[in-house]
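Next, two complexes with chain A in common: one pairs it with chain B, the other with chain C.
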Partner chain A sequence: MSDRVPDCTVFLDGSAVRAVAGEPVAVGLWAAGVRVLSRSVKYHRPRAAFCLAGHCGACLMRIDGQPNVKACQTALREGQRIEHQNSWPAGEHDLLGAADAVFPRGMDHHTMFTSPRAANALLRKMVHRLGGLGRLPERGGELAALPSGRRRKVDVAVIGAGPAGLAAALTCAQDGKRSVVVYDEQDRPGGSLLSHPRFGIAAADALAAEARAVGVELRCHAAAIAWYPEDDGGLLAIDDGGVLTKLTARRYIYATGSYDVNALFENNDRPGIWAARAVGLLATRYRVKLAGRTAILGDGAYAHALAEALASAGSNVEHLASERVLRARGRLWVSGLDLEGGRRVRCDRVAVAAVPAPASELARQHGAAVELRAKGGGFACLVDGRGATRVDQVYACGDVCGFVGVEAARAHGHSVGRAVAESLA
Partner chain B sequence: MSLPRETDVLIVGGGVMGLGIAYHLAKNGVRDVVVLERSYLNYGASGRNGGGVRMQWSTETNIRLMQESIELCKRFAGELKINIWLRQGGYLFLARAEAERARMERNIALQNRCGVPTRLISPAEAKRIVPELEVSELVCAAHNPRDGIVFPWPFLWGYANQAAARGVAICPFTSVERIVPTGAGFRVQTSRGEVRAQRIVNAAGAWSPEVAKLVGIELPNRPHRHEILSTEPLKPFLKPMVSLLSSGLYFSQSMRGEIVTGISVEDHDDGHVKMGSRLQFLTKVARELVRVMPRLSQVKVLRQWAGPYDVSPDGNPIVGEAPSVPGFYLCCGFVGHGFMMAPVVTKYYGEFLAGSARPAFFDPWRPTRFAEGTLVKEEMILG
Partner chain C sequence: MKTIVCRCEDVTLDDVRHALALGFRDLEEVKRYTGLGTGPCQGKECMALCGFILAERGCVPVPFTTRPPVAAVALGTLARGDEEG
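Coming up: the complex of A and B.
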């Protein structure tokens, strides 16, 4: 059951909305009945949160005067000003959404109206006016307020505080002989533990506490943004709560996990179609009561765990393990799915449990080899039995090496943590 | 595309120069043309530049050519059947030092004589054009409302598609390994077999010295890395391309709403093309940008990348037939402004190779000028 009690008031396009302070804006607005959070850039299709992990870009809103802010990564607080973007005339109402209906087969703006010149000039004027997403930030900072970077050197840097990263860090730090720091872009450690109904916050906090107990430093709201090979002989740039950290380490462990991906069917971007792990977060981390019916797509272990958890919590679940979905129904929110063979399923939300894609780009930037896994959602980081990539001092573990799920990722983290400790002994 | 065994004109470099020349050759009846590109089309500076097109230059040749190039940009969509998103929002050059004012005045006078409506304006007037500008450090500015920006990629699609439609063989992922002059042409060994060519055009941009070496020519141009970034997309608010003469900072807003900005950063010159991104650049450009546009301090950077300028000793291109190797033509050394000049340069170059008169710009840009010591320096080099 839900223990969420609204305790603050925020303003959506000027209207008061009651919400739970500290929850993500995307979750609070959804719980308050707001359906459309954003509009796609070109066709103005309605969009709402899909991944709740800051990776899909479907929940960008204007928050307190800043454009293009991820509503799923921003905590609600009293008096916050939240606005829809890229809609006309305003808010949830967007007449430009007609573009989607007028061009059912899409419009190729590169080749349309190339002549005559007057038509082309008009097209350019229109496209220019309609281009862009959010409006310029209300305020800019003073130059003096620009944060300057700080340098940091550690023995072991772990990127990602999910099951693999936390396990690797704590195994590596256990003998107390080296400094280990874990960076994670999310607001708390746990990664995919947080969205898994059998683990959740308690398991995440326990693993994080275990790591801290052996001296691991955990830094959240700290996104590793790039590996720069040429600056000072190579450094990892980290946006650590808005301040740049230029990090060098004797060993780097990439435990960046995996991205949620969508399944392919018509209108798969309808609001109400979530990544399964986002629905897991709603139920497990945010403890939102899932009223109505949830259709779960997919046959993996996670899909089954989620179906089981929702059902045992009394939620109405339709688990479509192997059926092929043709299209989603509903205009501003999903109302059902058409399946191959003519069957129609009514639902109030969809949880897509496709195989997540390894978040391998940072390790790749650092020189790790990757390989396309046709059935594994994307490019997996290649490592040997010790978790070592082809680059000296660079390791990887968990889903970034190909999706394996929470438990296997944690086990891999332990073994790679051990190998890294040995390499430094 | 299979590699032809023989051709009239073989163009080395699948960037905007090579593809533009190929298109204009084919349009003028020379369809026996092969374009070789070592990587994907536009891999070099053609696919990495900021898309600025301006008439504000310090030499009459460049001013007049760019007037014509921008005219050609206006007609590009109609002729090549693809939108290049030309937006004439102007170019606004800002000066921080009094010493820059004299140079600006001199260049404006020359531009005005050529018919370019550039004006010297006060910092207050610059602020009327870009209200977000911090003008307290400025002494004056130069503004030409007819300069603008384009989206670079459609040039490639337009030239390549229209050239291919007229029979040009465009071969990406094909590198040139050896060139043997035979007296009546060349035998060119590539990674995908041999091609015999009557004439060769070296349009390899930053790699053109390497290509020239294959026929024993030492070119004086050097590759120089230039970095650039783009931000999150914002609704249109910034009209002109803005540039600071003192630091080489420039920024504009693209058709998609991103702020696209770059600046010069020190680099060691080892003669090799470098295209890695550096944190040094990111922090430098962020500081300089926020110094003139404080409102942008919270805008998020989405990506950064680098591209190679093909830098000649005097800032001007190297164009024409190589005196020591007949049939080997140069079209390189464009120092970061090759893209904007490509519409006009490739038109005349293609027509020339198809039998028309030698274009006027072949004279000031002739390859022999370095040995002769008759250099005319271009001052308005940015980035």
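Coming up: the complex of A and C.
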């Protein structure tokens, strides 16, 4: 059962909503019955959180006057002002959503209204008004009040505090001979441990504590944003709680994990269609009681673990391991799925357990080679038996080398951490 | 009804198929033609999806160029980033 008790009031487009302080805005609004968090940029299709991990861009809202804030990565607090963007007059009743019906086959911006000139100019104005992402902040910051940058040098930099990154860091730091720092964009360490029903917060905290105990420094709310090869022989830029950190390390270990990916069927972007790991987060990390019926799509180990966990918690589960979905039903929230063969499944949410895609962009910026692998979920980093990429001093481990899941990622992290320690001995 | 491949930019499966029918054969071309992968998430979800669609048609997709920043960052964080405190 859930132990969530609303203890604060926030304002959504001016109306009071009771919520649990500290929970993400996206979770609190969903639990309070808010269905639509955003509208898509072109057709104004209704959207709500998909990944709950800060990656999919489906939950951008205006929060306390700041545009394009990720509602899944922002904690609720008393008096917060939350607004829908890009919709008129309101998120759930957006007249601009007519664009979706007016262009049922989509719009081809290469050929549309290119003549006559007057129509083209008018359309450009319209598109500028309808498109885009929100309005500028109410107040700009004073330049002098903004934080200045900071430079840092460490022996080993690990990017990502999931099972692979934490394991690599702790193995690498165990003999106490080198400085190891782990950066993670989330608010707490754990990565995919946090969304896995068999692991969760307790397992994540235990692994993080083990790493800290051997001297690893864990930094959360710290997203690695880019590798700049031309600056001072190369530096890794990190947005460390709003402060730009320019990091150089003797070894870099990319343990950036994987991104949730949707399945392809009609209306696959309907609110209520979540990544399976997001549903795992709701159940495991946020301890929300999942009322109604959950349809789980997919046949991987994670789909089975989630189905089992939800069922044993008393939730109604329809596990569609191999059925092909043709379309989702429901206008503002998913109400069912049409399957190939004519079967129709009623549900209150969908958990899509497609193979997640390796989060390999940063390693690629750093020169690592990648290869498209169907079983690995996307473009996987190529590494040798020690986790080394083709670039000197650059290593990778876990899902970024092709999706493997929590346990295998942790094992890979340990072995790569050992190899990196040996390379520095 | 639309099947969304890139949710940030509302690029549909039909849009991708249309690009393929026009002869575009790699991710960079499909990106430039449809706008796929150019939204706030920069292709975290759609690049793999589109890569597999291309692979089904016998192409060997290579990823489009990844440019900084890979995660959204406030301009305020970069504004004085060159100064060191």
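The rule is short, and it goes like this: the second predicted complex is superposed on the first by the 422 of 425 C-alpha atoms of A that agree within 3 Å, B and C clash if a C-alpha of one lies under 4 Å from a C-alpha of the other, contacts with A are read in each partner's own complex, and residues count from 1 in each chain.
We adopt the following convention: contacts are C-beta pairs under 8 Å (C-beta built on N, C-alpha and C of every residue); 3 or more make two chains touch, one makes a residue touch a chain.
Worth saying up front: this structure is predicted, and the values here are computed from it rather than measured.
S.K.: Per the contact definition in the header, classify A:136: touching chain B only (first), chain C only (second), both, or neither.
M.R.: first
S.K.: So in the superposed three-chain picture, is A:67 touching just chain B, just chain C, both, or none of them (first/second/both/neither)?
M.R.: Touch partner of A:67: chain B, not chain C.
S.K.: Please indicate which partner A:58 is in contact with in the superposed arrangement: first for chain B, second for chain C, both, or neither.
M.R.: Second partner only, chain C.
S.K.: Output check: A:235 vs chain B and chain C. Expected answer is one of first, second, both, neither. What do you get?
M.R.: first
S.K.: Determine, under the contact definition given at the top, whether A:375 touches first (chain B), second (chain C), both, or neither.
M.R.: So A:375 meets neither chain B nor chain C here.
S.K.: By the touch definition at the top of the document, which applies to A:43: first (chain B), second (chain C), both, or neither?
M.R.: second
S.K.: One more residue to check, A:269. First (chain B), second (chain C), both or neither?
M.R.: A:269: touches chain C, not chain B.
S.K.: Look at the residues of chain A and decide whether chain B or chain C touches more of them.
M.R.: Ranking chain B and chain C by residues of chain A touched puts C first.
S.K.: Once chain A of both complexes is superposed, is A:261 in touch with chain B (first), chain C (second), both, or neither?
M.R.: In the superposed model, A:261 contacts chain C only, not chain B.
S.K.: Jot down the residues of chain A that show up as touching in both complexes, chain B in one and chain C in the other.
M.R.: In the superposed arrangement, which is not itself an observed complex, chain A uses residues 41, 68, 109-110, 133, 141, 143, 146, 149, 226, 228, 237, 244, 246 for both chain B and chain C.
S.K.: Which residues of chain B touch chain A once you look at their complex with the stated criterion?
M.R.: Chain B residues touching chain A: 74-75, 77-78, 80-83, 85-87, 132, 154, 157, 232-237, 255-257, 276-280, 283, 286-287, 290-291, 293-300.
S.K.: Would you tell me which residues of chain A are touching chain B in their complex?
M.R.: Contact set of chain A toward chain B: 41, 66-68, 109-117, 120, 123-124, 127-129, 131-137, 139-143, 145-146, 149, 226, 228-231, 235, 237, 244, 246.
S.K.: For the complex, give me every residue of chain A touching chain C.
M.R.: Checking each residue of chain A against chain C gives 40-43, 45, 47, 50, 54-58, 60, 68, 70, 100, 104-106, 108-110, 133, 141, 143, 146-151, 185, 223-228, 237, 239, 242-244, 246, 259-262, 264-269, 327, 357, 359-362, 364-365, 370, 372, 374, 377-379.
S.K.: Chain A touches which residues of chain C in the complex?
M.R.: 1-5, 7-10, 12-15, 18, 33, 35, 39-42, 44-45, 47-49, 51-52, 55, 60-61, 63, 66, 68-74, 76-85
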